[in-house]
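The chains carry the letters A, B and C, assigned in the order they are written, with residues numbered from 1 in each.
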Amino acid sequence: MQWLDAIVQGVLLGGMYAQYALGMALMFGVMRIVNIAHGDVMILLSLIAVSLAGVLPLGNVGLVLVIVPIAVGLGWLLQKFILNRVVGADPLPSLIATFGLSIALQNLMLEIWSADTRSLPNSDIASASFQIGPIYLGLLPVIVLLCAFCLTGGLDAVLRYTRFGRGLRAAAADTEAAAMTGVDPKRIYATATAIAVGILGLAAIFAALRATVSPSDGSAQLIYAFEAVIIGGMGSVWGAFIGSMVLGVAQAVGLRIDPGLGILFGHLVFLLVLATRPEGIMARKK
Amino acid sequence: MTTIHHTRVQRATLSSRIAMSIGIVALVALVAMPWWATSGNIRWAIELCCYIAIAQMWNLLAGYAGLVSVGQQAFIGVAGYMLFVLAQNFGVNPFVAVILSMIAPAVLAVPTYFLLRRLDGPYFAIGTWVVAEAVRLATSNIDYVNAGAGMTLRVMTQYSQHEREVAFVILCAILLLVTIGGSYWLLRSRHGLALTAMRDNPVAAASQGVNVGKLRFYIFVAAAVGTGFAGAIYYMAQLRITPSAGFDPFWASMAIFIVMVGGIGSIEGAIIGALIYFFADRLFGEFGSAYLIVLGLLTLIIALYARGGVWGLLQKLGDHPWFPVRRKLIVEDIS
Amino acid sequence: MTDTPILSTHGLTGGYGDFQALFGIDLHLMPGEVISLIGANGAGKSTFLKSIFGLLPVDREMVRYEGAAVGGTPAHKMVGRGLAMVPEGRRLFVGMTVEENMRVAIDHARLSESEGQWTRNRLFELFPILGEKRNQPIEDLSGGQQQMVAISRALLCQPKVLLCDEISLGLAPKVIREIYAVLPEILSGGTSIVLVEQDVTLAREASNRLYCMLEGRITLTGNSNEISRDDIAAAYFGASNAMA
């Protein structure tokens, strides 16, 4: 029974990871860019949320309404001033630029918020739980998972059925050919980044509600997002979602075996997938 | 009257002869340090040599092979740990162990490369980071190496401080010869042209018959060994290693900063960058995170606006290579 | 036909970075005309098309379209002005279906599908096989069928000028005939065409006028039915080779 419980908790944890991974899958899919500061941006948004909650009585929903637009704006700035200058066939400039940004952001956060761990004030949602059979479920993790599910479904539908989605997939397949067909690649990139960071805004609030955040946590979030995307299979948002579940379960199971092994198990599953099924578990055959 | 053209291939330049002379003087001065410098200065010199070596190896990876790694700390850590285990648990002479410990990074690099080569450029980079994290976490869970608490190199107490210092400066001199000299040799060899072609355009290089995959693999392993060698020397001098220090991602940040600021894709750049970083660290290290914010922003700005770094800017003022890797055809008229 | 060209280039120079591939190209296209641009591999034909289309940097005055200087305008804005291209190697959007490829063009076209003269249905009549395979991924189509999708995609941009880059390359003669048979229909709607070809016979038959390009320069131009084969051979390979 404790293994069933581990799997359930792992899936719930995966809901959190899916929110980090979706944005990364989207940005990599379109621009072939991995933003190394992905996790740090999320932590920054969490810390802003924690500080805001300390001065304004916004409530959790109010916080979401404030933080998500800030996140979208941040995504726009990131695109305009950094990513647009480094998009290209050579991965080095984008990696180095966002790597530098990551170090600067982490230390900036240390200066402002110090190394303390912080979280959003405990609300009813964060502590509420219910029981199904022998298994206890926290209300908040379930909400996080449902949100991740809806975001994935929503994003998938946008990519499939909207003008923006088709333009984005076209630009991802062949940027130059897309431009020849009337698609404005810069605008597509900007929108994709704004959506990706906007999702991080939501994730930031959930992360600060679920657990604590501190300025140096960003790297771990980046790695989890990355592992989820690769495990699931590149280029599909449902892949990122399923990959997040697998990663969450691997970590939760590892944690039950030995408290020191949780994260390591996640890495090992990632390496195992890379060794045996490098195209990802969700990828279709060519 | 006929003119006879005599052609020869020239590689050495005035600047390279000066640089070579300075290099030899510096190397001799380094080896002589135990007889003229303070212990504090020797410690600094060891650190600087390790920075240069690690940066040079990263430069080889990212600047030539197109393999951007943010996980070089994996090789630093495993080499350091192998040294400590051999010397402390098996009683191997530590100065022999430091050489043997280059086996560990080589052994780790092979499967790492084969696992990660399937990943696209930016994903390869984060992949190396995951490997480094996995090795760090695994090390933290192995009681044989004292888990998270780390190990101490107590066997070093059997040598006098002077003996240790002599050994360290010799090791550092070898380290520099192997990493800088090795890179220079590689770039001047017949693989050098292939590497330069690969740096400029891997697809075109492949179509010209360069076996890009094979060359990348060799460079990845060689860079791992060079990086590990530096790591072993560094932690030998520290006398202590822990998983969080030995596998600290900051090693990668440092290598990236040094190479980007100094100038990627040149041997000179990594040396200049290491010197800049070393002195910046002495001068501003006390400012902690404020200093690191500046380092991060500087890296960002260089990636955006000045990809050639300091060496790139110097090159614009005049072509004075310290390590000329190009061949120049000189046509002389002998009338 | 009016006297002002719809599209013209004036001393167009350009290339990739430091590598100059084009040395002062003067070319014009009249409304309702088909011109062909022939030349060997590496003559600079594709570079020229990309330069017109804003995919490579050129000076503003080097390209004129409907009387306005438009050189260097980003590609997606050129589509908005009425230019479309069938790129070399088709460059379709993999991972998307036939119809989705077409819809990208419809989404971003100058005119909507109902306002413009090209609709999916009309194209499905022209290329019935595309109608049958409209929901299949683009990777499942044969080379000829993919070329039909590429042409359809360009036409759904509702262009006034269509640039075709080596549309016959790598296709069977029967398929080439099928594709070239569509050109009159495109012309009849008022669209002017620039054909880039390596196949001289095909280029001469299909065009009113012809330009021959060699090493980044125009070496010959004239009415397609008046130029002799020998002149073309000389211009195509360079004079010295032709004499030999």
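In this text, contacts are C-beta pairs under 8 Å (C-beta built on N, C-alpha and C of every residue); 3 or more make two chains touch, one makes a residue touch a chain.
Chain identities (UniProt): A, B = Branched-chain amino acid transport system permease protein; C = Branched-chain amino acid transport system ATP-binding protein.
Since this is a predicted model, take the numbers as computed values, not measurements.
Q: Name whichever of A-C and A-B has more C-beta pairs touching across its two chains.
A: A-B
Q: Can you identify the chain nearest the overall CA centroid, using each chain's own CA centroid?
A: Chain closest to the assembly's C-alpha mean: A.
Q: Can you check how far apart chain B and chain C are, centre to centre, with Cα atoms defining each centre and the answer in Å?
A: That pair's centroid distance is 51 Å.
Q: At what distance in angstrom does the C-alpha mean of chain B lie from that of chain A?
A: Inter-chain centre distance comes to 33 Å.
Q: How many angstrom lie between the CA centroids of chain A and chain C, rounded to a whole number?
A: Using C-alpha averages as centres, the distance is 43 Å.
Q: Which residues of chain C touch chain A in the complex?
A: Touch list, chain C to chain A: 53, 55, 74-76, 79-80, 84-85, 87, 91-96, 100-101, 103-105, 107-110, 153-154, 157.
Q: Which stretch or stretches of chain A touch chain B in the complex?
A: 28, 32-34, 36, 82, 85-86, 90-97, 99-108, 110-111, 219, 222-223, 226-227, 230, 234, 258, 260-261, 263-264, 267-268, 270-271, 274-275, 278
Q: Provide the residue numbers of chain A that touch chain C in the complex, in ascending order.
A: 163, 166-167, 169-170, 173-174, 176-185, 235
Q: Spell out the residues on chain B that touch chain A in their complex, using ranges where they run on.
A: Residue positions touching the partner: 62, 66, 68, 70, 115-116, 118-123, 125-127, 129-131, 133-134, 137-138, 140-141, 249, 253, 256, 260, 264, 288-290, 292-293, 295-304, 307.
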